[in-house]
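You will see two complexes here that share chain A, one where it goes with chain B and one where it goes with chain C.
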Partner chain A sequence: MAHNRVLQWATFARSWWIYDAYHQCPFESAKRLCIFLQGQHKPIYHPLSDIGDHVVVINTKDISMKNEYWRKWRFHHHTGYPGGYSQTSAWRLHDLDDTKILHKAVYSRLPGNLLRRRMMRRLHLFPDTEVPDDILQNVTDQIRQVQLIPKPIHKYSKEDIDNFPKLFDWPEEYVIDYSKKKKDEDTEKYF
Partner chain B sequence: MTNYFKKLVYLGKQSQNFIQQRLVLPGLTLHRSISLTTVKHLKEIREEKKDNITTIEGVEIESKRTNKLLPSLHKGACPLCQLNLDVKYTDVLILSQFVSPHGQVLPRTVTNLCGYQHKKVEALVRRAQDAGLLAHFQADGEDGKKPELRSNYKWKKNNIHFIDEKKYSHY
Partner chain C sequence: MAASIRLGSCIRRILCQKTSLSPLNVVQRGYRNKLRDELVQLYRLREEIGPEPLRHRSEWANWNYNVELFAFGKRLGEDLKEETLRTVFSHKCYIERERKKREDLGIDLQTVSLSLEDNEQLAEQGEVLTSRYIKGYLRHVYPLFFEEGISAVHDYLMSEEMLNYIGRHIGITDLMLCSDFPAKDSTVVKTLKALIGAIQQEKDEERAKRFIHDFILPQLIGVDVNETWKVVNPMGLLTAILNSQNRGLPEPRLLRQAGSNTVMAVYHVGIYSHKQLIGKAPGETISIAEEMAARDALKNLMKTADSRPALLLGKLAEDLNFDENKTNISAIDFIKQHEPKQAAEISS
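Entry: the complex of A and B
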């Protein structure tokens, strides 16, 4: 009957997911994205049956790396010709192409078989939130972010900072000096 | 009257411990209190420019913090040891209290922190500054221009985060 046919379609359909890479580590988010590209989130998973999903990633230009990796992490490339070896640091590659770091992270994380290129074609990377309408109409669900985004102090309102309990009071005869920085809303937060 | 002067001299010697004292001489109707030591207040330095004259004065103010202290804290002891918290570099509301508006950690004589906690706070503040949550020390320009929050130099324009090495968690 139609019931079984619809169930068959529903289980084997290729769904589209969206992931916001704002302030996320590329290597940790690649861990999560590979699961969806291979189809390991489905109970019908098998490595040879091609049941991976599409993943749309936005805000890849706002990716964050840990410690000093922007400067120290190197990407290596060899053209195949003698003398064709070169290496670039992560920030240089990011200046040239905003999406390449995530592309390489996911590529190295996927298994090195013949299905890898096919799975990478189903990964769609965008540096901004500007995504073509054709792709956005297909998106059905969102992948949760891997990292918490910390809040800098200039984003807290003045009331939040004033009402937060203080841990010590100024001693007697303490002098507040505004010589190097003007008395503003920004500096008043610290008093 | 000589008796009263003797008392004043004796009290003057006592006040070498910088205890604030206010005297009201009995038998005399005074409308103001006399103190033997300088009265201690929080002071703020204000600068005003009018024409060619700049006046720099130290104005006495009340601290805004007396009402907002945590009631469970003892005053003389280290506040962070008493609270027994796991402070992370993202706890900006706590760390900004130990930082001057110039971006420098306040001395221990002001904050009442023990040496162990003071070093921890210094390291956490450095991390928060590198991650862009607190501002590095940057003086205002001569025109009064404010420095930019994030520089546009090579790798400094990108986001940075730190991980808890013990737990290996990306917060």
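Entry: the complex of A and C
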């Protein structure tokens, strides 16, 4: 009468997670995704057993990088032939394939054993929110994002901006937004 | 001085030589060219003859039946009389064989009696007591478990396989006086029952019950009692139980699911009654999960869930007083009595 068989089934079943990469650092995200891909969040975890979960990542085209990383972070590649070495900056790689940076970040974060390729096949990357239905139907839960998404100034309403406490008022001639600069006829005539 | 030492060492050398020359210590030198042939010949011979036949322990050296019998009683901590122990181990088949043997030899059985009693009556007595005590104990420990379940666990403990396992491990195989060799499982089981019967007859019933408690009931440790009872329609039984308690009818709900488009799909279904979760279980499909959740709910209601307290064994069970005549409710009767009206109409 017992249901011990299905408890075993549930223990080893793979669950599916969704992760929104919008405005997220790819390297910090990779750190978190690898835990789920390897199954480190499960009590039965063992490095040699293949018990990782599936992870669906959306909005990979909107990842963010800190400082000058888009320009200065370089991805290296060697074809294996003499003179086959090449390196690409992050912005260029992202231009060529907008899922590639996250793919490489996760791949390099996973342990270099025989399970790595299999775990990578459980990582489903999508540049935007368009995910095929048969994949989306499998999803059970979502993974928390690694960083807070900053709210840009244009998302604040005028009321919020006006109510924001100020220490002083800017002088009228002080230009904050150049697009909204009044045209000065006196100076205009010199251009 | 020096001469005497030399003389002594000489003598010692001679003595040593003498001892090493004994025919037992001759060391063979060189290759044994025929060794392989000899071994192959021995091997083929063994293949032709077949394996060595199994022999009873009494056919080997250092066998004293009386001593073994005495040691057996001491080992169990039961001070039984020698005659009683002898009766426990004497089977009907053995006595008949002995009688026939004597008849063939022309010995008059009336003048030289066999003076052996068989264990048939003791075994019967032991079986009745064991069966009654196990059932009473199980009903006491699992008061909400249905009678069918109690019977299933009882049958598991009283099965030939289980009693044979226990009997062989307390060493009654070598002591049995029976015509079959190697001993049949059924003979071992009969002897064990006869032993319990003998304890009851010679000591008292309490002592025999302690024996059952110490040797048979501990076999339940690590056994899931729910596994032994096969429920065909768990949802029907669950409905009847809830109906009898005036609680809401069971309502299965899908709690969560994963990988529904894959072969490794898993669904978790919970059973609710009056908005209260009474059991939940996973499954490969929704229908399997629903059935398993019903089984889980039954386990919770019958208080045989995995978190149940440990069995009362050893010192905990010393002052155990329970009514052996009390029986639990039978599941079939219970369903007939408490089936909801609509369902009863459909089934009829």
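Everything below uses one rule, namely that the second predicted complex is superposed on the first by the 167 of 191 C-alpha atoms of A that agree within 3 Å, B and C clash if a C-alpha of one lies under 4 Å from a C-alpha of the other, contacts with A are read in each partner's own complex, and residues count from 1 in each chain.
The definition used in the following text is that a contact is a pair of C-beta atoms (placed from the backbone, for glycine too) under 8 Å apart; a residue touches a chain by one contact, two chains touch by 3 or more.
Note that the coordinates shown come from a computational prediction; the quantities given were computed from them, not determined experimentally.
In the superposed model, A:128 lies in contact with neither chain B nor chain C.
In the superposition on chain A, A:50 makes contact with neither chain B nor chain C.
Put chain B and chain C next to each other and count what each touches on chain A; the higher total goes to B.
By the touch criterion defined above, A:63 reaches chain B but does not reach chain C. Judged by the touch definition given at the top, the superposed model places A:9 against chain C, while chain B stays out of reach. By the touch criterion stated above, A:97 is placed in contact with neither chain B nor chain C. Chain A makes touch with chain B in their complex at residues 23, 25, 28, 62-67, 70-71, 89-91, 94, 146-148, 150-154, 156, 160-182, 186-187, 189-191.
Taken in their complex, chain A has these residues touching chain C: 1-4, 6-7, 9-10, 13-16, 54, 134-135, 137-138, 140. Put simply, chain C touches chain A in their complex at residues 149, 224, 226-227, 229-231, 234, 256-262, 264-266, 268, 281-284, 288-289, 292-293, 295-296, 298-299. Contact residues on chain B toward chain A in their complex (touch as defined above): 40-47, 58, 61, 63-66, 68-70, 73, 75, 79-80, 83, 89-90, 92-94, 96-97, 99-102, 109-112, 131-135, 139-140, 144, 146, 149, 154-155, 158-163, 170-171.
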